[in-house]
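Labels A, B, C, D, E and F are assigned to the chains in the order they are written; within every chain, residues are numbered from 1.
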Amino acid sequence: MSLTVYRKAHFNAAHRLYNKDWDDSRNQAVFGKCSNPNYHGHNYELEVGVTGTIHPETGFLINLDELKKIIKEEVEDQFDHKNLNLEVPEFRTLNPTVENIAVVIWNKLRAKLDTSYDLTIKLYETPRNFVIYTGE
Amino acid sequence: MSLTVYRKAHFNAAHRLYNKDWDDSRNQAVFGKCSNPNYHGHNYELEVGVTGTIHPETGFLINLDELKKIIKEEVEDQFDHKNLNLEVPEFRTLNPTVENIAVVIWNKLRAKLDTSYDLTIKLYETPRNFVIYTGE
Amino acid sequence: MSLTVYRKAHFNAAHRLYNKDWDDSRNQAVFGKCSNPNYHGHNYELEVGVTGTIHPETGFLINLDELKKIIKEEVEDQFDHKNLNLEVPEFRTLNPTVENIAVVIWNKLRAKLDTSYDLTIKLYETPRNFVIYTGE
Amino acid sequence: MSLTVYRKAHFNAAHRLYNKDWDDSRNQAVFGKCSNPNYHGHNYELEVGVTGTIHPETGFLINLDELKKIIKEEVEDQFDHKNLNLEVPEFRTLNPTVENIAVVIWNKLRAKLDTSYDLTIKLYETPRNFVIYTGE
Amino acid sequence: MSLTVYRKAHFNAAHRLYNKDWDDSRNQAVFGKCSNPNYHGHNYELEVGVTGTIHPETGFLINLDELKKIIKEEVEDQFDHKNLNLEVPEFRTLNPTVENIAVVIWNKLRAKLDTSYDLTIKLYETPRNFVIYTGE
Amino acid sequence: MSLTVYRKAHFNAAHRLYNKDWDDSRNQAVFGKCSNPNYHGHNYELEVGVTGTIHPETGFLINLDELKKIIKEEVEDQFDHKNLNLEVPEFRTLNPTVENIAVVIWNKLRAKLDTSYDLTIKLYETPRNFVIYTGE
C-alpha cells in the first residue's frame, strides 16, 4: 500500500538563460528576453512528493518536520534570494531553465532521502509554467 | 481510451495524533503540537478522481451527480464538523493522519463505485500538506 | 531522463449537453440543467503537459513560445468566445462534455507535436470539475 | 464595531454583449468576439460581503445559512446554467456586462437583506477580470 | 501618501460554537453542526494589513520581519494547533465565531503596533467564508 | 452609481534592496538577504482597479482592451524580464521595494487614464506579501 505525501516550499531567485558557447544574437534568438544579461527573477513554488508506505506505529509515511528540514537545507538555504547563475554552483555550467532547476533539486533531495522512498518534484517558475520530474 | 474525471469536495474536522500504546512524552516527541489532547482541526479539501472510459451515448465517464451523492454520503456526512478521533469509527484504533484518512476515504468510496473504475484520492490537510492515494 | 513541462491556457465558451437521438425528457433526465437549449457556459482552464527529454544545448524540453503558438492556433483561436455546439466542427455530432472536449484538444495538439513527445491534457470546466487525458 | 462577512457562491451562464440600437459592425467594433450572436459563457464566481455589527448572544453578524439561502434563491437559482440574455428578465433590455450583472445582483440581494446591513458584491467574470460594487 | 502592506499567516485550530446560557436544543437550532460538543476545526488563513506611509530612507512602510515576528508571537504561537474554546483565554467567555476571532486578533496586534499605523484583519475560516475587520 | 473594474497582469523581474548612502553592514542589517548585490527576483502579480460609472450605451465602465493596452505599454513592456535597479529609470534613485514599485505603477497608469476615473493598484511581490495603493 503506497501513498505520496506532498510538502510545499518556495524560494525567490534571479537568473538569466544563455549558452556561453553561443554569440549574443543566437542567445537572443533562442532565449529572447529571458537572456537579459542584467537578469530577471521568479518566485519559484516547489511541491516535493515522497512516495512510500505508511508506518503502522505513527500513521506517517515520512516525518514532515524532517522533510521540511531537508528541503530548507538543500533548497531554500541554497537558492532563496540568490542569483542562480552566479551563486549556485550547479548552474555555473548548467543553464538554469526550470527543467534543469527541477533536476538539480531532485538530485539534491534524492541524496538525503532514504532509498526506500520515491521522489517527485513539481516546480512552478510562474503560476502559468511548471515542470514535473520523477527521476525516471 | 481512458480518462480521469475529478470532483472536489471538503469537510472541516477536529483531530489529534497520538499512539495509545505510547506515553505522553513519546507522543509529544513524535507528534509535537499535533498531539494536543484538546484537539486542533483542519479544512480538508478532497479531490476524487475516477478513471474509466467515455460512454458514447452520453459523453460522460461517470454521472457526476451520482459521484457527488456518493462523496456526500460516504465522506461529507460522516466526517464534516466531526471529531475524527471520537466520532468516526475507523479512527477509534487508527491514528487520523492525513495518510490514514486518505486510505479510509479511498476504501469507503471504492466499495460504492463500479469495479470497472479506478479511483484516486488527493486530500489536502492544509494548503501546504497533502497526499495522493491510488489504492496500489 | 524524462520530464513534463506544463503550460496553462484558457478559453470561454458556451455549450449545451444533449443526445440528438433522445427526446427532451430523456435529455433532461440525464443532463439536467446542462441540457438547457439556450446554452450556458464556462471559463475552461487548460493545462497542457509535454513529456520528453532536456535538450543539452538549451536546457529546454520544448520551446515554450512554440508550444504557446500551437495552443493558441489549435485551441484558443478555435474555441474561445465560441458556441461549442454550433461553431466548433468536432462537436456537430459529438456531445461537448468536458471529457469529449479534452479528447478533442488532445487530438488536435497531438497532430502538431513531434512524435518524440508524450502529451497530457488537464481541462477544468469549473474550479470544481476537471479531467485528465493522456491518450492511453 | 463594524465587520464585513463574506460568502462565496458561483454560477455558470451564457451571454453575449451587444447594443440592439447599433448595427452589427458597430457591435463588432465595440464588443469584439464578446458580441458573438451564438453566445459564449463564463463561470461567474461571486463574493457577497455583508457589513454590520456582531450580535453579542451569537457572535454572528448574520446567520450564514440564511445568507446562503438568499444567495441561492436570488442569484444561483435564477442565473445558473442560464442564457443571461434570453432567460434572465433583467437583461432583456440591459447589456449583461460584468458591471451590469454585479449591479443587478446587488439590487436583488439588497431587497432581501435587513436595512441595517451594508452590502458589497465582488463578481469574477474570469479569474482575470472582476468588479466590485458597493451600491454607492 | 498612504499605502497598505499585507502579510499572510495561518493557524490550524479546533473550536465549537455555543452559548453557555442556552440549552442544547437552542444551541443546536442556532449553531447546528458547528455546536458539536466534541469540536471540529479549521485552517484559518490570515491577512494582516498595515496602513501607513513609506519611510524615504528604506522604501518600507513597515519592516516585514518585525511584522512577522509580532504575528507569530501574538497569533500563531497562541492559536496554532490549539482548542480555541479551552486553551485561548479570550474565548473562555466569548464564542469563537470567525467574527469574534478576527476582533480578538485585531486587538492583540493593535496593541503591538505603533499608533501611527492603521490595521486591517482579513480572516478566512474556510476558503468560502471570511471576514474583514478594520477596527472602525 | 460607482463601480470598480479590475484587470490582472504580471511581470517577472530582478531587483535588490539597498540604500546607496549606507555602508554594506547597514544595508545588510536593514534589508537582509534582499540586499544581495547579485540580485534576486519575483513574479509580480498586479491587479489594476479603475473606479467610475457605467456608460449606458455599452454597459462598460472602461473598455478593457484599452486598459490592457495601457497596462502592457506602461508596465509590462517596461518592467517584464528586467532588472529593476539597472534598467527601469524610476529606480535609479528609488529603492525598488514593493511599496515604491506600486507607487511608480500608480503614477504611470494615472497619467494615461481619464481624470474621471479613480485608480487602485494591488501588487503582489510574492503570494504572501502584497500592497494596495489608491493614490491618497
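Here are some notes:
In this section, a residue touches a chain if its C-beta (ideal position, glycine included) is under 8 Å from a C-beta of that chain, and two chains touch if they have at least 3 such contacts.
Everything numeric here is computed off the predicted structure, so don't read it as measured data.
Listing every chain that touches subunit B and subunit E alike gives an empty result.
The chain with its Cα centroid farthest from the Cα centroid of subunit B is F.
Among the other chains, A has the CA centre that is most remote from the centre of subunit D. For the copy pair subunit D and subunit E, the superposing rotation over Cα atoms measures out at 120 degrees to the nearest 5. The chain pair E-F and the chain pair A-F differ in C-beta contact count, and the higher one is A-F.
Centres computed as Cα averages put subunit B at a distance of 29 Å from subunit C.
Separating the centre of subunit B from that of subunit F, both taken as means of CA atoms, is a distance of 42 Å.
Shared interface positions of subunit F, i.e. residues touching 2 or more other chains, are given as 127. Applying the touch definition to all chain combinations yields A-B, A-C, A-F, B-C, B-E, C-D, D-E, D-F, E-F.
Of all residues in subunit E, those touching subunit B in their complex are 10, 12-15, 33-34, 36, 38-43, 45, 80-83, 86-87, 126-127.
Against subunit C, the residues of subunit B that register as touching in their complex are 1-8, 49, 54, 57-61, 63-65.
Of all the residues in subunit B, the ones that touch subunit A in their complex are 17, 19, 30-32, 94-100, 102-103, 127-133, 136.
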